[in-house]
Amino acid sequence: MNRAIAPDVSFEPEFVARLTTLFEELIVFNRTLGLKIDEIAATGVAAHIEMRPELIGHFTHRRLHGGVISASLDAMGGIAVMAAIGARHMSESIDARMARFGKLGTIDLRVDYLRPGLGQRFSARAEVMRLGSRVASTRMEFLDAEGRLLSMGSAAYMVS
Amino acid sequence: MNRAIAPDVSFEPEFVARLTTLFEELIVFNRTLGLKIDEIAATGVAAHIEMRPELIGHFTHRRLHGGVISASLDAMGGIAVMAAIGARHMSESIDARMARFGKLGTIDLRVDYLRPGLGQRFSARAEVMRLGSRVASTRMEFLDAEGRLLSMGSAAYMVS
Amino acid sequence: MNRAIAPDVSFEPEFVARLTTLFEELIVFNRTLGLKIDEIAATGVAAHIEMRPELIGHFTHRRLHGGVISASLDAMGGIAVMAAIGARHMSESIDARMARFGKLGTIDLRVDYLRPGLGQRFSARAEVMRLGSRVASTRMEFLDAEGRLLSMGSAAYMVS
Amino acid sequence: MNRAIAPDVSFEPEFVARLTTLFEELIVFNRTLGLKIDEIAATGVAAHIEMRPELIGHFTHRRLHGGVISASLDAMGGIAVMAAIGARHMSESIDARMARFGKLGTIDLRVDYLRPGLGQRFSARAEVMRLGSRVASTRMEFLDAEGRLLSMGSAAYMVS
């Protein structure tokens, strides 16, 4: 995300902690997936996910199910938008910024599956390409442990 | 799916049973989601899913997480393609038809989220819009218990 | 478009004429494409386009360029949203309804190309799947003269 | 496009000239749009387009029609795939490589419209994210004269 979209602010540790809890715990299906935050910055977000038997597509291939990838990319785009909104409203209290996220909703999502999801650990990242007053657009990537691009996505979110 | 795409054949009960097992059990993440087949026909497929706490998006809203919907629609498109391939190759043994599905893979997926996923039970259906020798295209819908359209999707699959 | 989205109103001939002029003349690139309105109703819109040499993809194949199809489907989704907005605000003057369309903008578009664009005349149609206060979602189809589905699309539009 | 996808070869001037002619002249609708190649490399392609009255969306806003953008991005993804195929088959004659492009077809396309298309000149670029034996996936961008990202896209192409 370039600086035109959001200033490259330093978030307070409490804000990062609350966004992390929201993402990892309160959004229950993210916990079902096992998504764990690695970084929340105004310029982008990163997370990882460990392979577990419940996340497998066909059991003989031991690949991550495509639905795990699409769900993860949707979730990543969403938290990237939250971070960008937070960065735009740093003059507000943390409570006020957190309250802004209640209106967030995914409008639509596209995922391109490039390579099979093989491995023990995957990472995902997202950046906001445009943050408008009503709609935000994001781009997301899903990578294996060696940093190979497995899937890419883009999504639009309603922000107010 | 119109008849130009696949003849409106009657599948053997064994074929339907094996596809159902593949979908509900062997594709492990479908089991994690709780997807259950209602119908497998050459002209389209249908399934349902019960709300469970693990599938919730934000815990205060009690809505189905968007990722559950995208994963379900991807899975539905896939099994619709399998049914269409099966219908096109009815002269083959069931084993031979089942063996064809090993090559199936999602190329890409789009999901439009129209309305929030509220309720205790949801249904999903898919039809094949084109079945080529290499690529198939599908259209999918996700509905609430009253039949309201909550999400719609389209996807492309590699078939050989 | 079901009646929950927009009442199945009868538009005044003047409203239909003004929307048609907007679509065929004022949106200049639609004129470059040669898109002509066949029907504007609250429940959906239809148009057609004649093959012309300038619209061809590769000159040896004589097929309609995919970009003509994507541009047509984007345009069709847009006018379907205009019709739905118009239907929702029938108590307003025609001028007031027309003024609402200045804010319309495409958020994103997906097109699936199913079959090559062969023939002398094509038709396109669109319906609104959801009309919200901020975002509308549409589904579109592009057909050949025999009514075969050549391409399908979906799009999201900002409406205010 | 990283080197894992295609070696960073140097194309013969004749190959570049023939691809340019194919893109700018033989694909007739590209000529209607006025797309002009700036670079064809194994690692990506670039082109530009001048604003002209025929390409305008609504005549009062003087913006490029979204359909011009979607058509341009589709065309750019296509030529990026051609370049990547060409790079993979450098041991073949130029004629043999050119013959491979006859089978290319767009499977589907997504375009995100981020900012209005204002200005006198625009540029577009594309890179191949994966080149398989049957399907290729690309990512595209559409920029204004100052290099601002106006639209982004992704597409899948059938390659054989």
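Chains: A, B, C and D, in written order; residue numbering restarts at 1 for each.
Here is the rule we use: contacts are C-beta pairs under 8 Å (C-beta built on N, C-alpha and C of every residue); 3 or more make two chains touch, one makes a residue touch a chain.
Note that the structure is predicted; figures quoted are calculated from it, not measured.
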Co-neighbours of subunit B and subunit A - touch as defined: C, D
Maximum centroid distance from subunit D, chain identifier (CA atoms): B
Where the centres are mean C-alpha positions, what is the separation of subunit A from subunit C, in Å? 33
Once you find the CA centre of subunit C and the CA centre of subunit D, what distance in Å lies between them? 25
The distance between the C-alpha centres of subunit B and subunit C, rounded to whole Å, is 29
Name the residues of subunit D that each touch 2 or more other chains. 107-108, 110, 112, 137, 154, 156
Which residues, counting only subunit C, touch subunit D once they are in their complex? 22, 26-33, 53-60, 65-68, 70-72, 74-75, 105-113, 116
Residues of subunit A that touch subunit D when the two form their complex: 110, 112, 114-115, 129-130, 137, 139, 149, 152, 154, 156
Mind pulling up the subunit C residues that touch subunit A in the complex? 107-108, 110, 134-135, 137, 154, 156, 158, 160
